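What follows is one structure encoded as structure tokens, with my remarks underneath.
In this document, chain identifiers A, B, C and D correspond to the written order of the chains, with residue numbering beginning at 1 in each.
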Amino acid sequence: MIDPEVIRKSNQARLEEHQSDLSGLKRQLRRAGHNVDAVLDELAAFDVALPSWALGTGGTRFGRFPGPGEPANIGEKLEDAAVVHQLTGSTPRISLHIPWDEPDDPAQLRHQAAEFGLSFDAVNSNTFQDQPGQQHSYKFGSLCHSDAQVRRQAIRHHEHVIRVGQELGSTAITVWLADGSNFPGQSSLRKSFDRTLASLHDVYAQLPADWQLLIEHKPFEPAFYATVVQDWGSSLMLAQALGPRASCLVDLGHHLPNTNVEQVVARLITAGRLGGFHFNDSSYGDDDLTAGSIRPYQLFLIFNELVDARREFGTRFRPVCMIDQSHNLKDPIEALVMTVDNLQQAYANALLVDRPALEHYQTDNDVIMAEHQLQRAFQTDVRPLVREARRRKSGALHPLATFREAGYRQSAASTRRSASYLPPQSL
Amino acid sequence: MIDPEVIRKSNQARLEEHQSDLSGLKRQLRRAGHNVDAVLDELAAFDVALPSWALGTGGTRFGRFPGPGEPANIGEKLEDAAVVHQLTGSTPRISLHIPWDEPDDPAQLRHQAAEFGLSFDAVNSNTFQDQPGQQHSYKFGSLCHSDAQVRRQAIRHHEHVIRVGQELGSTAITVWLADGSNFPGQSSLRKSFDRTLASLHDVYAQLPADWQLLIEHKPFEPAFYATVVQDWGSSLMLAQALGPRASCLVDLGHHLPNTNVEQVVARLITAGRLGGFHFNDSSYGDDDLTAGSIRPYQLFLIFNELVDARREFGTRFRPVCMIDQSHNLKDPIEALVMTVDNLQQAYANALLVDRPALEHYQTDNDVIMAEHQLQRAFQTDVRPLVREARRRKSGALHPLATFREAGYRQSAASTRRSASYLPPQSL
Amino acid sequence: MIDPEVIRKSNQARLEEHQSDLSGLKRQLRRAGHNVDAVLDELAAFDVALPSWALGTGGTRFGRFPGPGEPANIGEKLEDAAVVHQLTGSTPRISLHIPWDEPDDPAQLRHQAAEFGLSFDAVNSNTFQDQPGQQHSYKFGSLCHSDAQVRRQAIRHHEHVIRVGQELGSTAITVWLADGSNFPGQSSLRKSFDRTLASLHDVYAQLPADWQLLIEHKPFEPAFYATVVQDWGSSLMLAQALGPRASCLVDLGHHLPNTNVEQVVARLITAGRLGGFHFNDSSYGDDDLTAGSIRPYQLFLIFNELVDARREFGTRFRPVCMIDQSHNLKDPIEALVMTVDNLQQAYANALLVDRPALEHYQTDNDVIMAEHQLQRAFQTDVRPLVREARRRKSGALHPLATFREAGYRQSAASTRRSASYLPPQSL
Amino acid sequence: MIDPEVIRKSNQARLEEHQSDLSGLKRQLRRAGHNVDAVLDELAAFDVALPSWALGTGGTRFGRFPGPGEPANIGEKLEDAAVVHQLTGSTPRISLHIPWDEPDDPAQLRHQAAEFGLSFDAVNSNTFQDQPGQQHSYKFGSLCHSDAQVRRQAIRHHEHVIRVGQELGSTAITVWLADGSNFPGQSSLRKSFDRTLASLHDVYAQLPADWQLLIEHKPFEPAFYATVVQDWGSSLMLAQALGPRASCLVDLGHHLPNTNVEQVVARLITAGRLGGFHFNDSSYGDDDLTAGSIRPYQLFLIFNELVDARREFGTRFRPVCMIDQSHNLKDPIEALVMTVDNLQQAYANALLVDRPALEHYQTDNDVIMAEHQLQRAFQTDVRPLVREARRRKSGALHPLATFREAGYRQSAASTRRSASYLPPQSL
């Protein structure tokens, strides 16, 4: 981890500037009637889980360009995750991918993580690749497969992932299936769905009582004609058929062009099945870019729905928040630090929406003024709030700068063995 | 209507050629094991409803270019619909749009239609335009409106449409709502949905026992940010909340780019809520082009799902089939005749799929051969079958040619008053 | 127009607050090394033309919902445009649509406008609708038509528009063509393009020496299969074939899903043919929504390209800036005021990009820091700068609030005759 | 290769059936005025190049599922290509990918290919992956790179590929660049384009006099924000700047959603820069699916443009035809055989368009009848023609069936070493 003294000094050098910015913003917000301390409390309470697979350099089918000092195993990933948490104060949990980051000794890994102040969020299954020694191939699907033996193998894998998760202290499993077809006729659109549901019933039957099963939809890739769980509608059908502990996970990049994602979020809230998020951003498809890097206003509108639901349902409304990105060009730690910052800004902006005013104008169909409520919240420069929330959690005021000042990556590059043999790992 | 003698002569001139083509095709199909007579029977049993609004020239927001001899009222539309039915033998029903084609005397219109051999399919409501004398405006929505008075007005309109439909002999109402918003913040994504459902409950409560309520989704236009019933998922949520007589209607053009529409169809079949279709085609959005004119293979794949479901569920599976097109450049009668031909070809191709072989290859994951089953059915030139089915129903072998030979439009142009004052009417 | 005293008082009441916000922002910007006065000068120099057609309520093909007090003629539109300019100080020009707003006496209209402090920007032709008394129909195209007589009529219309524009003091004509086809085969994709080019040659030959011809591309609507000038590539081919006074106009909403519009802008700059803009925003197609309302970050990135080109080419780089929106739900004046504000914010954010730093990081391929340069500029709350620029031009600090305080629309509603007979007018 | 006797017997068993189908079709076509022999001659003259990389199992970033008996080196790929050519009679050339299939001894490989009756089509460069021992990384681009040393390395690679191609007897190089950026700001949109052009100038300077340089555009993947050569417009700008031997290559799957690809083809024909094709099909992006498997009507419309241009320009119009697919689930040989069949069907359908009639109806704006000319050609079952063309070139009447009867893959599986170590190779 980074020497706390580096962070302290880095913050110290920027403190005066920060306090000046913050007090200016507070004045402005108080003038508009905001309870800034309440906003700061809510903002500081926000956290998001890191995906174990996003700590290494990702890639596309065309290539992968690893960087120096990448983590080569789950232990080194834990270290890097701890650094992200140290800098941001907001990533206390890791979402593990099995088998990519399967621990030899889960209990020991849990202990090791705890020493870093980390614990484990939802575990992720993988039936979209064949693993060495695997009896049946997932080439033509897993939970949807026409062959009961393949389905059974995939079900057992999910049961295994749950068991590992239990030892890690997780309470949820995220199921993203590559199952689908590349050509019309390849598989029955209805039967493959029916078989997927039947398989999920078996998985659900093994779900511990305090666990959630999160179903993640995606319209295409790697299936290029029809994916079995292609959209939120199919995801919801499955969740409703399974039972109350099944719900839907929204990966922001898993939608067709022009999808109104915040509306998908709203519908799943209405259905009582919004289980959680995989945060990222995209221009074209499942691009797995930094959350907020392409459509920051959309990210804000999504957080606006979340704040709105939280106001209505209170703490019963608690979707799981995870990052799912592929860092092909950026340093993974830097990318994650930037991601957390972007998420917090979107959240802070959403917390500044004057909801009574918004509701008033909506009821009046005063389109201009209703929209204006969102815009003025979005246009507010909330960076001082986010920095302050970070500072309160002992993070860095300017985490990117501090990370570079600390020389962490260079140091890792000199001590870790080359990571260049790693296969591309990305969802 | 067209002088039957014109059709008879037109057919006579082409009969020998037809019979030669047909017997060649029959030989080929029998060789492949098909029961050609059964296929012909199924094909001949297919029919589809005509939309009253598609008998006039449609338009876009940029302009409308009416043609000579357009129908100026519901009476003249009946005449034109009768001609389409005469030529195709497959369009015995009309889907009426209220108030565009609201009859002064529904019982009398029903009688008049019966004399043409026509009856009435699903009636359509309209709350996306304000009508002269209307108390409240739908500018900001109808069933979703924030003001209970506007919602009540829209609910009463639906009840009125149902009553008119009852007098016409209809047994279904199609509800397409323009309700939505153009800007983030304009309306609450969740509350507008809740209000829509509450309003639909009131409509559903007035639904006669033998009626169906069909909910039609659409992602955008005229709402350009968020449409309340934006996709099949929202449509299904509404239908399930309403009750067993509510179901989902799929307009083929009402989907986001790259949507796998046949999969949407398959999911609604699985959910038991596929209520019916608005057939058309599109390149970009709700283009309302001739069905099968842009993506004929997709149309075939949709019919493939329908035939598959029919084989499984028998006559219990009976989605309502309607055309919904806007004929901006084509003569509406000719466009409808071509549409029916395209639909029948897609259906005929789908009837020729060797389903046991398809299932065999799907089970074996023999991707190439499974796909090949669909391709060989699609590549078959089924035009002789479609002509023969038409001939058996006293239609025209070559309906476009016959229509032109009959000089119907020219005759209409000389007797009907100019239709140029008609507003654009298109869904 | 609005009583200047209303504006003065409205500003007075908000002045102290504004000055406090502005001085806070200035401190922050100076700390970061910005020359705030230079930024303010550039920002204050920005202006944008109003489209005459956007001062009335727009509509879709499904309906139009006019509001009270709409302008019923070009004279009333001038009044409303003057109000927008009064409030924003940034809309001194009007882009006129012929024949929608064809003046009886152009010289007199020019004089009338001058009294409001207004002049005329690019004039717009219209060959996508038939006008009463027109000899040939544009149903099947205009400049692309297969019939030379129709093309000649369309060419003459363009010559007429240029002549009217000359009398108005315009120096550019914008050509947007609906020409295209709805179905494969309807027209030859190559010949229709060749004919369009030949027709444009004739128009170009009539172009006054100090005029520009702006070609506007659009992928679809009203043509639903193939539009002749479908993208920037076709637009560029035409401009290059015509000559140095022809260039390409980018309407932000005229692109296929997922198009990187700022890159289109960059390519046209490289080609030396970026003629100008129609500003708006869109979620799905040519939605004509308020600029910056859906994808504000994209708008910023477009302005970033403009600032970048301006830094390189100086005042030689001077694309024409116009708004093209359809105000279906918002009060047109309010919508335009909000639009100008959004454009100015995007411009102000772009002016704050630290270009030497950006270039440094780009050269170094420091992805994170390069992106960060854009993000920090975008995240800056530039509203005080925009207000100050407005104030310096005698506009309103809070123009929406001031507009409402002035009661202008209510007053117009009581004095203007009903505008409800107006046809939908929207590009 | 396959024992010719297997093919002979396989054909013999199906000959009678084929001849019956063919003579029926001939009768039908002659009745419609077609010169069937001329059509067959043109059809038989069609050939298409195989991509070396498509003979192995492809994959996505999520996984690759190799099949038994895959080729492990360029020698085995030659064998498999020879089998495709043997069965189809239409794939006499191979398009080689450097360095994936870089031959140790190009002259020897050329000789070896000649023994199979094969020669070499366009060679393909690769600067989207780093190769072992490479001095500079392409992580941040190649020909567009900000560092002149990286650009020079990439230019030298292209020169090397040209030299290898010369030894192989190729006369064209296809340049597809992954160059681009994942985030706004990462690189200058204009400068990266300028540098790409400058680099291509250097490559072009080394182009042998009888060679062509083909530039391939692609909107996204692996660059997820802005690809340098993102569309045909950018590709055309580059080709025009380079010189007469540079032209544009259209990969059918490299377009944004809803792109009218046949129109892109038409524009490039008009510009005189349509260099060639990478045939495939797609539902969502660069899916690299079997050509004609998703949108067969579009494939027909593309061939319709090609036949139209050929009629106008004669043999001067000669775009290079290559396949570019990724066979993730299908046996590569079977997939290629099916692809060739689909291409030939599309071509045969296009050859059956009655062009004088089409032109007549287009000139008359008889939309229905013009469209009908294309539809009737497309609806014709041309499989007997394609089989006959294949038979005349000593191919198999039913190549898929014959391939399976020959047991080629099983035999390869027993003799070739496992190919499972192969990295995913797909464009």
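Everything below uses one rule, namely that a residue touches a chain if its C-beta (ideal position, glycine included) is under 8 Å from a C-beta of that chain, and two chains touch if they have at least 3 such contacts.
From a predicted model like this one, the values you see are computed outputs, not experimental measurements.
Chemist: Which chain has its C-alpha centroid at the greatest distance from the C-alpha centroid of chain B?
Modeler: In terms of C-alpha centroids, the chain at the greatest distance from chain B is A.
Chemist: Please compute the C-alpha centroid of chain A, do the same for chain C, then give the distance between them in whole Å.
Modeler: Centres of chain A and chain C (C-alpha means) sit 39 Å apart.
Chemist: How many angstrom lie between the CA centroids of chain A and chain B, rounded to a whole number?
Modeler: Computed value for the inter-centroid distance: 42 Å.
Chemist: Do you know which chain C residues sit against two or more other chains?
Modeler: Only 139-140, 182-184, 186, 219-220, 225, 257-258, 260, 283-284, 290, 293-294, 297, 329-330, 367, 371-372 qualify.
Chemist: Quick one: label the inter-chain contact graph as line, ring, star, complete or other.
Modeler: complete
Chemist: What does chain D use to touch chain A in their complex?
Modeler: The contact residues of chain D facing chain A are 59-63, 65, 128-130, 137-140, 178, 182-184, 186, 219-222, 224-225, 257, 282-285, 287, 289-290, 293-294, 328-330, 424, 426-427.
Chemist: With touch defined as at the start, can you tell me which chain A residues reach chain C in the complex?
Modeler: Checking each residue of chain A against chain C gives 17, 20-21, 24, 27-28, 31, 257-258, 260, 283-284, 290, 293-297, 329-331, 334-335, 338, 345, 367-369, 371-372, 378-381, 383, 400.
Chemist: For chain C, which residues are in contact with chain D within the complex?
Modeler: 139-140, 146, 181-191, 193-194, 219-220, 225-226, 230-234, 236-237, 256-260, 262-263, 266-267, 269-271, 297, 301, 305, 308-309, 358-359, 361-365, 367, 370-375
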